[in-house]
Every structure is written in C-alpha cells, then in structure tokens.
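Here come two complexes built around subunit A, the first alongside subunit B, the second alongside subunit C.
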Partner chain A sequence: MSSLVAEAVQAELGAYEPWPDNACLYQPYQVEQITFPDYANCLSVKTFLHMCGLEFHTEVRTNAEEMSPSGKVPFIHVGAFLVSELDPIIAFVNTRGFQLSRDLDEGMKSEMRAYMALIENVMVNAELYLAWIDEAVSEEITKPRYGYIHPWPLNRLLPWQKQSNVRARLNSVGWAKKTMDEVCDEVKTCCQALAERLDSKQYFFGDKPTELDALVFGHLYTILTTRLPVSRFAEIVQQFSNLTAFCTRVEENFYKKYGRDF
Partner chain B sequence: MVKLSQEVKLKLERLQLFKHISILIDTCRGKGSSPNGYEVLFEVRESRPVTGGINTLIGNNDASLLFGIKFPNIYGRGERLQADYTHGTKQVRGYNVSFTKPINANPDVLFGCGLYQYNGEYPWSGYKELDRGILFDLTFPSFIGTHSLKWEGVWRDLRALSRTTSFAVREQAGHSIKSSLKHIYVRDGRDDPILPSTGTLLRVTQEYAGIGGSVEFAKQDVELQYNQSLLWDTVLQFSGAFGIMRSLNTKNDIKINDRFFLGGPLTLRGFNLKGVGPHSDGNALGADAYWLCAAHIYTPLPFRPGKGGLGDLFRTHFFVNAGNLGNISLNNNLRENFWRMAETFRWAYGGGIVLRMGSIARMELNYVIPVQLQRGDSVNPGLQFGIGLSFL
Partner chain C sequence: MADDVIDLQVWKGDWGLPTVDPACLSTLSYCRFSGVPLKLRKTGNPWRSPSGELPIMKHRNVTETKVSEIFSYLRKQNYGCDFALSNKQSADAVAFSSMLEEKLLPAILHLWWIDGKTFVDFTRPWYTKVLPFPLNFFIPGQKQKQASLRVSLTKGGTNVSDTELEAKIYKEAKECMNLLAYRLGKQEYFFGSTPSSLDALVFGYLAPILKAPLPNNQLQNHLKMCDNLCSLCNRILLRYFPPDPEEEAKKKKAEASKSQSSSDLQEFPNKKRNMVLAAIFALTAMAGYAFLSGIIQIDIVDDSNSTSNNTSSSYFSKPQTYKNEPVFEDNDGYDDE
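For the complex of A and B:
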C-alpha cells in the first residue's frame, strides 16, 4: 500500500520536471540474449518514446531483467525515476506533458484502450506460448538465449524456472493447454480486428500515431522479422497486407528516416 | 595408565557422544589373568540419539522461528547430522543441513558437508539476497594452529530491496555463482574467546573464487589480537585487522555482496553499521580494502558488585579505535594506495560497559566520540549499543 502511494507521489512530483538529456532505457543484449517476447516489449516502448519525440539512449545490460523494479524489461531511468513496462511508461510520460492520443475524443480513447488490451491479451500470450511452450522454439531458441550469459548450472536452471513461471501465467488465463492451431486462430482473429481498424489509414486513428501504433508495431514487427523454427505467426501477419505496410511505414518514419537502430 | 585413561575420557568427551563418562580401575581377577594386570572400565551414559528444538530469533525488522533437529551420533562413529529450518514472519528465511564426521575418531580432524538456502536482507546496502549453496570442509590441526579448508558453491540471487535503493546497488542485481576455495588458519592462545585476560589470537583467511562460476576474485583477511593482564584484574588489549581483495577478471568488478564493509558498534565504534566508506544515496557500497585497529583497557565494574557471580559477566572498557575502508586503484602504485588508505582514516574513542553472552556473543553499551571522519560517513556520536558475534 505504502509503495502504491509512493509511486503516485513520485509520478505527481515528476510532472513538473522537464525531460532530461540523460534518460536511459535498459534492456538485455539484443543479439545473443533477449527473448523475442521481451524484444517486442522493448521495441514497443522505444517506438512510443520516438513517437513522442523524446530523446533517450539505450543501455544494454545482461541483468536488465533483475534490475527492473517490476522484474520485466524494458525499464527507463529518467532523473530519479525508474519505470518499467509500456503502460506505466505511457502514464509517466503523460505526466511530463507528452500525450500521443491528446487529440482523440473520449470515445476514440476508450476504443484505443480496448485495442491495446486486445494486444496484451492475445499477442503477448501468443508470443509467450510460442517462445516458451512450443517444444521446438523453447528448446532450440528461447532457453539457450535466456541462459546464454550464465555459467553452468544456471544456464539450465534459470530458463527452466522462467519456463515454469510463464507456464503458470498462461495456465491462469487458460492458454497453456491450447494447441498451436488454436493459438494461431487467436492470432489470426486479432490481426483481422487490427486490419479492419487500420483499413487504409496511415495510422490506427488517422494520420498521427498513437500509443496503440507503438504497441502494434513492436509486436508485429518482431513477429515478422524474428527467424524461428516455427514461422506460422509471421505467415498469418503477412496475409494482411495493410498491416505489413503499416510496419514498413512506422519503420521508415521513426527509424530509417533518422538513421536509428532498433 | 591412569593418565592414559584420563586422555581417553577427554577424547570421548570432546567427541560429545556421551552425557556422562566415569572410569573404574581395578586389578584383574578373571581366569587366566596376569598377576599384575589391571582392568579399566569406562562407564558411559549415551546422549539421546535425536534432539530437537524450537527457538525464536528477533532480527532487524522481523522475527522468525527456528526449528532444529540433531542426530549427535547417527552412524555410531561420532557422525553428526543437523538440520535447521527457519521461518520468518514474511517468508521462509532458510534451511540448513550439515553433516560432520571425525576422521579416525579424532575429534580435531573433522570432515563436514552441508546444504543450505538463506534469504537475507541487507538494509545498510539496500539489497536482499537469496543464497543456495553446497559446501565441503576439512578441519585439521598442525603444529602451528588449526587449519580449515573449505569449498563452497553458491548460487546468489541479488535484488534491490526497495524502490529507494540506490541505482549503484540496483545495477548489481542479478544471479551469480560463486565457487570458492577458502583456507582459514586460526591460532588461538587466549583463555576466553569473549573477555580474554591473556593470550593472542591470529586468524588468517584466504579465499579464491573462480573455480567455475561467474565470480572471480582473491581475498585475504587477517585478524590479530593481543591481551596483557595488568594489576587489579585490568586487561590491556590490542587488536588489528586488515583485508584486501582484487578481481581476477578485468572485465568484471567485484560485486557488492563480496566486498568489505566497515563500521558498527562492535567494530569501528562511533560509526553506524557499515557506515564508513563509499556510499550512494545512503546505501553502503563497500570497497576492496580495509584496515582497523583498536586498543582497549578492560576493568571489572567499579566497586565490583556481584563479584564471583553475575558481576563477572560485565566489564567496563575504555577504547580508541581507528580504521579505513577504500578502493585500491590499479593506476596508482602500491605506495600511493598505502598512503591514501593511511591518510584518510577515521578514528574515535570512548568508554562503556561490555556484557558477555555465553561463550559466543557480546553486548556493548558505549559512549563514543568520533574524532576524525570523512565526507559521506554515517556517524553515531554519543551513546551506541551493539550486540553481535564478531567484534574487535
């Protein structure tokens, strides 16, 4: 309880300070270490900050996950504040006066929230399922990467521990027992909904990006570009040409144009 | 022969297998006995095969229950198996299983192994740590003192204690495996471990970490104590300690959970617990070298109340203690480092009362005047209370 109050007070206090030059985003090593669900989350946060036009630099740390106040990556270090995961980061950035969805009316805002919840409930779970539950992907890719920086026996123990945590999480939402086909159906329905909302617009809510655009880009781009033994998710996303075009557009406007790396 | 049987009795007592041992010596009377033979009879009462206990421990900010069970002689050759389980108010604090065996029934040569898990909080540095470890050790005497060789493999999960933990500490969060070989040499000639009146103690600890695992360092720690009795039961005590460590892998710094800390009511009096040396946002960061020395004069309580009884557990003492904690920079040469450690030292003096608690711990209530301190130190001038197992 006291920590909740402290958090609220911190966020309140943060409101009056400008965005500092030394804002930092912490994440695991991209080439050898990061697992792709984490990569998607990091990419969403980075895209969101770029869309807000906020300067930050990325710090890679092998222990980013353990450093994070919530135990999840990425997290940002701004002045005296540490904020992890996309939703709290959006709320924190809002207190500094940056809000992408400012021009939307209340109805649109709640629609945007609904789509964001859809991504959290479907895409995130589907990614975790593919990374940790699917036998081929978890044994060949996810586990070796997760344990990469640790010596024996931690390189076996920690991935195994993480896998059982993820399994417990998916089990609580009824996803652990699904088959791959059922998961693919969920992903397909989710993409269908997104594609219909996007239609032929630039971004999901007109020609300005919103928080939803950052979140969708993070996940879809990761699915499209990560090479895995099982590529069914990528095949599903590729069926929706407006979604792939959207990914190319965001990449062009917020990364390539400025010569930024992911 | 009487002397020999007495030695056997002593040895049996030190193995701690029996509650009571008595010796009966008589002449031999049986058939075929030699005319001047003797019969030596040892009458023993065995201690219980299983003992157990439940204790309450009060820590810094929570209480815990300790359940213990002990088999003092599990296989009949002095092997001891002990298991403890501690449950705190917030979480399971830890468990510990250890097994020791005297080699060749010699109570001085001991082989031991153990398995443990421990959940510790270190509020002075703002972190908590979960340790899971396994250890093997061998203790044996030599003509210069007692040696103990120990191998320990421990998986440590370090996390920031709260949101207010300094970022410098948070950066060190994560898993590490320490596999280390430790050699402890002790030569203890004192007449009492807590309030000695004569004798010297020398304890040298060397630790080498880096046989596998992700932590690589070498650590050296020396402790020395000299006691001299003076007139009227007064004891003069000089003690000193120093330690130094260095990382054996230039890529990795030594983590906070391996470093040295200094300060506290029983070590460098006049400073708060781990209050000396580098700090960041109020969290002690530790360093890789320290030195500490102290001079005490112990006297019995004034007018000696309770002499021969309770009063003998107390002493008054006056002391001066000085020390320093700092990092050794590899850019400077040895002499520069040495001078830096010598120049920026801290010192304090004072007096107070010492209470001896059993033969392992002591309690002190002192009035301390810190004289020299450095920026960033957390000082405790005036009354200071301390209780603990290690002191100088």
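For the complex of A and C:
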C-alpha cells in the first residue's frame, strides 16, 4: 500500500497493533552505493526510530530506490505496510502510540514543524546541489557511487538521468542557477537559525529529543563526517560549536551507548 | 531625495487587494511596514523583468526580482521591520518562512494554476485581461508550466499519482495554516505588537486565498476557520492599505461607464482596435491577392531621372501589354512605355 493514501487507513487499522519484531528498514548499500543526500535521510529515519525506542533491522538492497513506494529512500516495512520518507514515517509511528513531541504545547509543536521545514527547504536542496550540480563532487563521487552496482552502459546512463532529474527539481525551486557562494550563504543562515534555537540546551526543545532532533542530526552529522572534495558545508557547520556538540551528544546517547552501527 | 525613492513594479490588484500575486503582496507590505519611500507602479507587463517575474525593485542601479533578495537589499539600505526582533525571534522568522514556502506555496500554485477548472474559468481569463496584447497568449501557459513543474518535481515522486499528490499538498497546506494559527495565538502580529517580515510573508500568501473569488476554494474554507489568521489579514489590509481615493474614483467612473455602455463592450474591451486591425488585414490580403493574380499591376519604368526603389520592384515590372486592366502609376512624370 502506498504511503500517501495509506495514512488515513493506517490511523484506523494500526492504532492498537503493537510494533512487530520483524520491522525492517530498507536502504541502498552504505559503503559503496549510497549518495550522501540519501544517506542523510536514512540516518534521520534511523535516529528517529532509535529515539522512539523501536527495534528494527536494516536491510540493504541495491534497488531500494525502485522498491520504495514513493521512489525515495529509506522506507520501512512494518506488518502489512510500506512507508517511505521521514514525514510519513513519523505519522505512521504516531498512530502506533509513539510520539516524541507529546509533551510540547501547540505553539512549540508548530515551531518544531517550522524548523523541520527549514531543514527540508534549505539543507536538502543544498545537499542535492553539492552532490549533483557541483562539478567536482558529482563527477568524482556521486555519479560513480550511484552507478556502482550497474554494468557498463547503465552505470553511465542512470547517474546521468538522475542528475538531470535533480537539476530539473532544483531548477523549479530556483536553486540550480545559484552559485556555490549563494548556496553556502543559505546553509549558513540555516545553521545560524538552528544554533540560535538550540542555544545551550541538550536538545532543541529541552531535555528530551523530538522529531526535529532526529532530522537535524541526520543532516548535520552527514555533512560533518562525509569526506568530499568540497568541504565548505562542513566548515560552515563547524563554526557553530553548539551544533557540533549536539551531534556528538546524539551519537553518544543513541548509537555508541548501545553499540549500534549507523 | 529622488535618489532614495525605490521603484517597485507589481501585478495589478483586484478584489480589494493592492496586488494579487503573493510575492508582490509580501514585498509591498514589507515596504509599507518599514516605511520605504516607494514609487509604486501596478502593471500587467512582466516583459521588462530580467527573470520574467514580478515584483521588480529598482533602486539606483540595482534591480532585484526575488522576494528574499529584495528584503535583504532593503535591510542593507537600513529599511526594515525586523530590527527589533531578538536573535531567537529572527531564527523563528527564518524557519516559519521556509515552512510557508515548503508547505503552503505548492497548494497555492496548485489551486491557481493546476486545478483545471479554476485555471480555465478564473486564472487564465484574469491574466489575459491584465496582460498586454501579444503576451497574453503565452504568459499564462508559461506560468502554468512553471507551477506544475514546481509542484510535481518537489512534492511528487516516480510512483505518486496526481490524486495522491493533490491530497498530500492540500493536507500539508491545511496543517501549515493550523500551525501558523497556533503560533500566532492571540497576539496582534507574530512577534508582538509590530509587524515583521514574517507577517508580510504570511499576509502575502493568505490574503489572496481569503479574498479571491475562486470557484473551488478548499483552502479558503479552511482559512476561514482560523479566525486569528483572517483577522490578521484584515487588520493589515485596513491599517497599511487604506483605499486609495484616486483608485476609488477610477473604479466608480468605470462602473458608471459600464452601466451606460452595452455589455459587449465589457466582453470585448479592445473592440475598436480589433476592428481596425481586421480591416487592415483584410485590405492587405485582398490587395496582395489582386496583385499576385495580375488584376492589378504596378509598373515602374526605369527612367534616368528616377532615383528611388526601381531596382527593388523591377522584378515585377516585366513589360507587358495590357488592355482592359487598370493601371496604377505614379504621376511624377513617368511615361508609359
């Protein structure tokens, strides 16, 4: 069942079902194949599930993108449902009674949603720009990785096709024509806003993690740890010491403490 | 002093709004909030804009067409309504404005440009009326294409059907309105008692939804349930855009002349011009036909005295005998052969 129509149905069906043991998350191969914008999305979803305390195991598939109901990775398989991307997954998990932002009042919840939209609007586009539009990164890193599992003509054609799709998408929101400097400015404004919001708190809304923390961690941690020929984004994030400290904190509390892998 | 006046071109207004386009409306209200000296021009012609979009802001030698860039330019010129905000409030403003762009804008684009019935019955006629003659044939289509690309590429995916996409974006837009309503609460504006850039953006997006008489407007129905957002829009409209006496007079005049003249003048506003164009076209066609089929012949004789346009027409002037056919000649002293 596709993720979008299914939402309403799930609210009915899934409300009292417990979380099954065999829930799994599908994603592309991490070491050889995945591109870093996709990796950021996968990491956000995993962190969110860990924060909810839900058990799942990760399945790597070369064709995860084609398997996904919306054409984007990652997606989770829980009981009879396939749900892809962070927002629908959050909605789905909420119907099972797990909601990280339960204790926030309505005003705080809308702020949280606004910051999540900020990440989607700026970070996601900036990552796509760096991965596919920037000449050095797309030729050296992204395209070879995206085509890694395919044999000869396809390992050229498919990355090329994906690149033109990404370019069309960025063009429609006016990002494709930006220069690298303008993109960096956007990223910097976004990080500044996040740093202001986080201030010196443990998490964005106090002592408990929320959906926003999972999303921010996924993206910033990816930017900080991925080695690329162009490292300007990482340099920008490193200027904000509370954001880097936040990433280490989440890594410690939800991954290292339990001996989990990413 | 004239150097400090900022030139702003926006789409024309309607339905009690100073301008109908969200981007133009946001820019205009931001200028009003921060008291920018404006030379406002309401136009229907985006031809001169470097990006093909309105609003266009010109100041000295700078031209900007994007809302965010206009805001930051004005901020650099020391015009702004965000200076009183704390750092955290500015961060919130950045976050909420991305939310508007991410969640509300796709639904607005869908509502105006992609929904087939609204586009054919409402949006296209409105823009055709406002745009000048040759542009009105392709600008609406072009804008529709841009809008549908924007919505399908950012919100859709390979396996997502149109109906699912539509359900998704309208759901997101309604959620977005709810979140805005929660955030606004009982305050006068988003950050206290003075308007900020966020208020300008929210007003720009919401006021057209509230005021435009679209045939099928589910967003309007939802917005009307959020009382505080509606009153925010009305408050801004009342306080910062008082009805312009000149325009009121113009409107009254137009209404008066409308009631006098017959209804077909309303339907064909350029009747006279069209008649003249049609007459010229018909005359040219008839003359061309007559000329080519040999009913009329123009004969220009090569004369040593004549100085002009002989060579260019000499192709047609093969010497012939003509008996009953009429002959068109210059009277300037040319002779027959």
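Definition applied: the second predicted complex is superposed on the first by the 253 of 262 C-alpha atoms of A that agree within 3 Å, B and C clash if a C-alpha of one lies under 4 Å from a C-alpha of the other, contacts with A are read in each partner's own complex, and residues count from 1 in each chain.
Basically, a residue touches a chain if its C-beta (ideal position, glycine included) is under 8 Å from a C-beta of that chain, and two chains touch if they have at least 3 such contacts.
Not measured: the values here are computed from a predicted model.
Trainee: Following the overlay on subunit A, give me a clash-or-fit verdict for subunit B and subunit C.
Mentor: Overlaying the two structures gives subunit B and subunit C room side by side.
Trainee: I'd like to know which partner A:69 touches here: subunit B for first, subunit C for second, both or neither.
Mentor: Both partners, subunit B and subunit C.
Trainee: Between subunit B and subunit C, which makes contact with more of the residues in subunit A?
Mentor: Result: the larger residue contact count on subunit A belongs to C.
Trainee: A:172 in the overlay: touching subunit B, subunit C, both, or neither? Say first, second, both or neither.
Mentor: Only subunit C; A:172 stays clear of subunit B.
Trainee: Per the contact definition in the header, classify A:193: touching subunit B only (first), subunit C only (second), both, or neither.
Mentor: Only subunit C is touched by A:193; subunit B is not.
Trainee: By the touch definition at the top of the document, which applies to A:113: first (subunit B), second (subunit C), both, or neither?
Mentor: second
Trainee: Let me test your reading of the model: by the given contact rule, A:122 touches which partner, first (subunit B), second (subunit C), both or neither?
Mentor: second
Trainee: Closest pair of CA atoms, one in subunit B and one in subunit C, after superposing: how far apart in Å?
Mentor: 9
Trainee: Of all the subunit A residues, which ones make contact with subunit B and with subunit C?
Mentor: 69
Trainee: Enumerate the contact residues on subunit A facing subunit C in the complex.
Mentor: Against subunit C, the touching part of subunit A is residues 2, 4-5, 68-72, 106-107, 109-111, 113-115, 117-118, 120-122, 165, 168-169, 171-174, 189-190, 192-194, 196-197, 199.
Trainee: Where on subunit B does subunit A make contact in their complex?
Mentor: Contacts found on subunit B: 155, 157-160, 162-163, 167, 170-175, 177, 212-214.
Trainee: Which residues of subunit A touch subunit B once you look at their complex with the stated criterion?
Mentor: Touch list, subunit A to subunit B: 3, 6-7, 61-63, 66-67, 69, 77, 82, 150-154, 157-158.
Trainee: In the complex of these two chains, what residues of subunit C are touching subunit A?
Mentor: Checking each residue of subunit C against subunit A gives 66, 87-88, 90-92, 94-96, 98-99, 101-103, 146, 149-150, 153-154, 157-160, 164-165, 167-168, 175-176, 178-180, 182-183, 185.
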